[in-house]
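Here come two complexes built around chain A, the first alongside chain B, the second alongside chain C.
And then the complex of A and B:
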């Protein structure tokens, strides 16, 4: 499994590089605008400014547009979304107008229209539009997620949590939603709930170190001896998964072991036997020496305070 | 070897070529008819909420089962209870539901309708052409393939001729029809585009595969396998691994 993820990340990186190269080429009049736009769509890259510029120039060119044939409608959609990202509501409105004339009654266009309301900040209208879509198809994941996004954009976190919970009751295998919920819970300081979400994320994708790290941080924040010990273990697993490159995890191990020794006042034999914290401290020192020598003294002092070096 | 049979050129002009042309035309026609008859895609996928939810539950339960060693014991226990706890667990399948599921699949009128349409567009033209070929062109040799074949090919190439003395490399007209029926797939994918090929074999496969999935059954199976797994927390071991990683890093 690790090998396949490595390959897929490698190809993803190559595609991204290709995207940037194509962007450069197209921006300087070297052609390949359509290839660039197709690739951006496939990678779901969010580069609204170039997409808007290149897409509009394609759409305004009648011969180029007719060459695209039925592909032009996807381009209209792409440009509309990019225009909304750039706050060019007028352009978006035109694109959506063309699309709704071509596909009357389409859900996909309906979503775009709702998105336009959102871009204008017309929350009530947008919410009504999404509710309509959901009435026709209660499994429209995008509409569900947009509704959550609206609640979040209004700063109404409790409603967002409510919607997210409802969404997750239906689509409980959607780990992006779990991550969103976890982050909202952290921002609301509801750490126990956040911990649950991170557990869910770790279950779904156990090889992603960021989830281990986030879970450890939530546990550390919760405090208490047991949570601290668990947090230290998760910091350790993050170190293992990242090959010791994650500074945050190294700090985490140091902080956890300092907090644990404070709580147990050195009575805990089991913790003392582990060398992890001193190793982590050493790794930190080495890292700082290499990358930021001016701050090395600070780190050394801090670690001394924690009695780690 | 028996002496060569001389095939009349009229056979080529009035049987061999027309038969192939008609087969191609029918294939193209069938494609367009089935396209017309296909119900619009927007109305067909309106999945039942229960099925969607059950599918998601199964995915989530499976990830709990496969990576249970990555979460603390307490968290695992809570989740296991949540999934498998008697009647209220998420993976619990009511008895009558399990039996109903199979029946519901057959009684779903939409699905049956769709299948019938597909079948109809496949079977009706086939029957008609077969009858037509049988009526007009039965019982004579229509072509000769340029290489010899063994006796086993007789059934395939000389359908409709009950003579054992004719060389196997002669093709009867009915067999020519069958060869066309199954052999034109490549041509259709050229004419109608790659994905539009009227691929009968694939249609059959889809039909068979579509009936197999039964969420109630996979729920039960998932519950059973969750019931028996032992939780073995991998994190304590991770600490030692992390130590080794750091040691290696420091040595560099």
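And then the complex of A and C:
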């Protein structure tokens, strides 16, 4: 269960490479536009410009559209959102027009129309549209989330945090919302609260190394001996989950151990995990040697300054 | 792939033959009025061999196995999806002019 959710919510290396390859291929007229659009939708990748271009070329081609049959409506929706993201309100409006003709009275189309108000910056009108949706269905998660996004777009972070906390009381299992809250807290430099959100995320999806990494970073930023030691452990678990391929985690272990040794200078009683940092430093050096030999000397010098290698 | 199929069919046939042999054996036992305790040794051998062949075919015929380990190279997670439910439109997209002849033809 945990593994399947992890796969459905985060992008593995192979799939990301496939997405980029398909994008390249489709942009150069090599076909595969529909596969690219499906993959982008599945991975929830935000790549509005290519999606808009390729999606419109499919939608404007009558034979391609008829081949998609009922899938074309999903494509209209995807293209509409991409068009709003590119500030092409006219294209989005046309797509939504087609959809509302096909599905009159649909909530999903109603949400798109509200999103269009947002794209235009017409906040009052968007709020009204979401309020209408919530009146019909008070548990419409997307409408709740959009209201939070409106507050965020207006730069009103404290209101957004307020709404998000209220939302999370209702829908505690929504990890996207936890992640959003964590990111907002980090942007507001409220690291203690952000750390709590990341703990929640790690509990929900323990196999995603990026949450371990983010938690470690928040703890490192908070500082203090205890936090640094915990941060080092989470950097280490990130290294374990990524198979040592995450440079940021390797640097994190080095920085944490340097900071810890500086804090405990003089009373050096236990040098328990000295092997960890020297191994991390070694892995970093090897990585740089392989991928960017010109910067290897810099890294070696830095690690020497931290007395790690 | 081809060999896997042949082995699988062979294993299935062996199992079917073992079942048939057991039924025959029981029929013989009924005539000689003896108690049935377990099938004869050659049938047991057929059963084991058929099981082994079917298992081998079951593992080898479907395509390559997909790794389930979270830290394996294929499953290594490199990025989180864009948080589309919370996306906002205040970004450089506003300043970047997009191609004007991109239009939906209705």
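The criterion applied here is as follows: the second predicted complex is superposed on the first by the 203 of 309 C-alpha atoms of A that agree within 3 Å, B and C clash if a C-alpha of one lies under 4 Å from a C-alpha of the other, contacts with A are read in each partner's own complex, and residues count from 1 in each chain.
In this text, a contact is a pair of C-beta atoms (placed from the backbone, for glycine too) under 8 Å apart; a residue touches a chain by one contact, two chains touch by 3 or more.
Predicted model only: the values in this text are computed from it and were never measured.
K.L.:
Answer with first, second, both or neither: which of chain B and chain C does A:16 touch in the superposed model?
P.N.:
Only chain C; A:16 stays clear of chain B.
K.L.:
With the two complexes superposed on chain A, say which partner A:118 touches: chain B (first), chain C (second), both, or neither.
P.N.:
In the superposition, A:118 contacts chain C only.
K.L.:
Which partner chains sit in contact with A:71 here, chain B, chain C, both or neither? Use first/second/both/neither.
P.N.:
After superposing on A, A:71 lies clear of both chain B and chain C.
K.L.:
Going by the touch definition up top, name the partner, chain B or chain C, that contacts more of chain A.
P.N.:
Here the partner covering more residues of chain A is C.
K.L.:
Figure out whether A:243 sits in contact with chain B (first) or chain C (second), or with both, or with neither.
P.N.:
A:243 contacts both chain B and chain C.
K.L.:
Once the structures are superposed on A, label A:135 by its partner contacts, choosing first (chain B), second (chain C), both or neither.
P.N.:
A:135 contacts neither chain B nor chain C.
K.L.:
With both complexes superposed on chain A, which partner does A:276 reach: first (chain B), second (chain C), both or neither?
P.N.:
first
K.L.:
Pick one for A:88: touches chain B only (first), chain C only (second), both, or neither.
P.N.:
After superposing on A, A:88 lies in contact with chain C but is clear of chain B.
K.L.:
In the superposed arrangement, what residues of chain A touch both chain B and chain C?
P.N.:
In the superposed arrangement, which is not itself an observed complex, chain A uses residues 240, 243 for both chain B and chain C.
K.L.:
For chain B, which residues are in contact with chain A within the complex?
P.N.:
Listed in rising order, the residues of chain B that touch chain A are 42, 46-47, 49, 52-53, 56-57, 59-60, 63-64, 67-68, 70-72, 75, 79, 235-236, 238-239, 241-243, 245-247, 249-250.
K.L.:
Give the list of chain A residues in touch with chain B in this complex.
P.N.:
Within the complex, chain A contacts chain B at residues 107, 137-139, 169-174, 196, 199-200, 202-204, 206, 230, 232-234, 236-237, 239-240, 243-244, 253, 274-276, 279-280, 282-283, 286.
K.L.:
Where on chain A does chain C make contact in their complex?
P.N.:
Contact set of chain A toward chain C: 3, 6-7, 9-14, 16, 43-46, 48-49, 52-53, 56, 59-60, 79, 81, 84-88, 90-91, 94-95, 97-98, 118-119, 121, 141-142, 145-146, 148-149, 152-153, 176-177, 179-180, 207-210, 240-243, 245.
K.L.:
Residue numbers of chain C touching chain A in their complex, please.
P.N.:
68, 70-90, 93-94, 96, 98-99, 102-106
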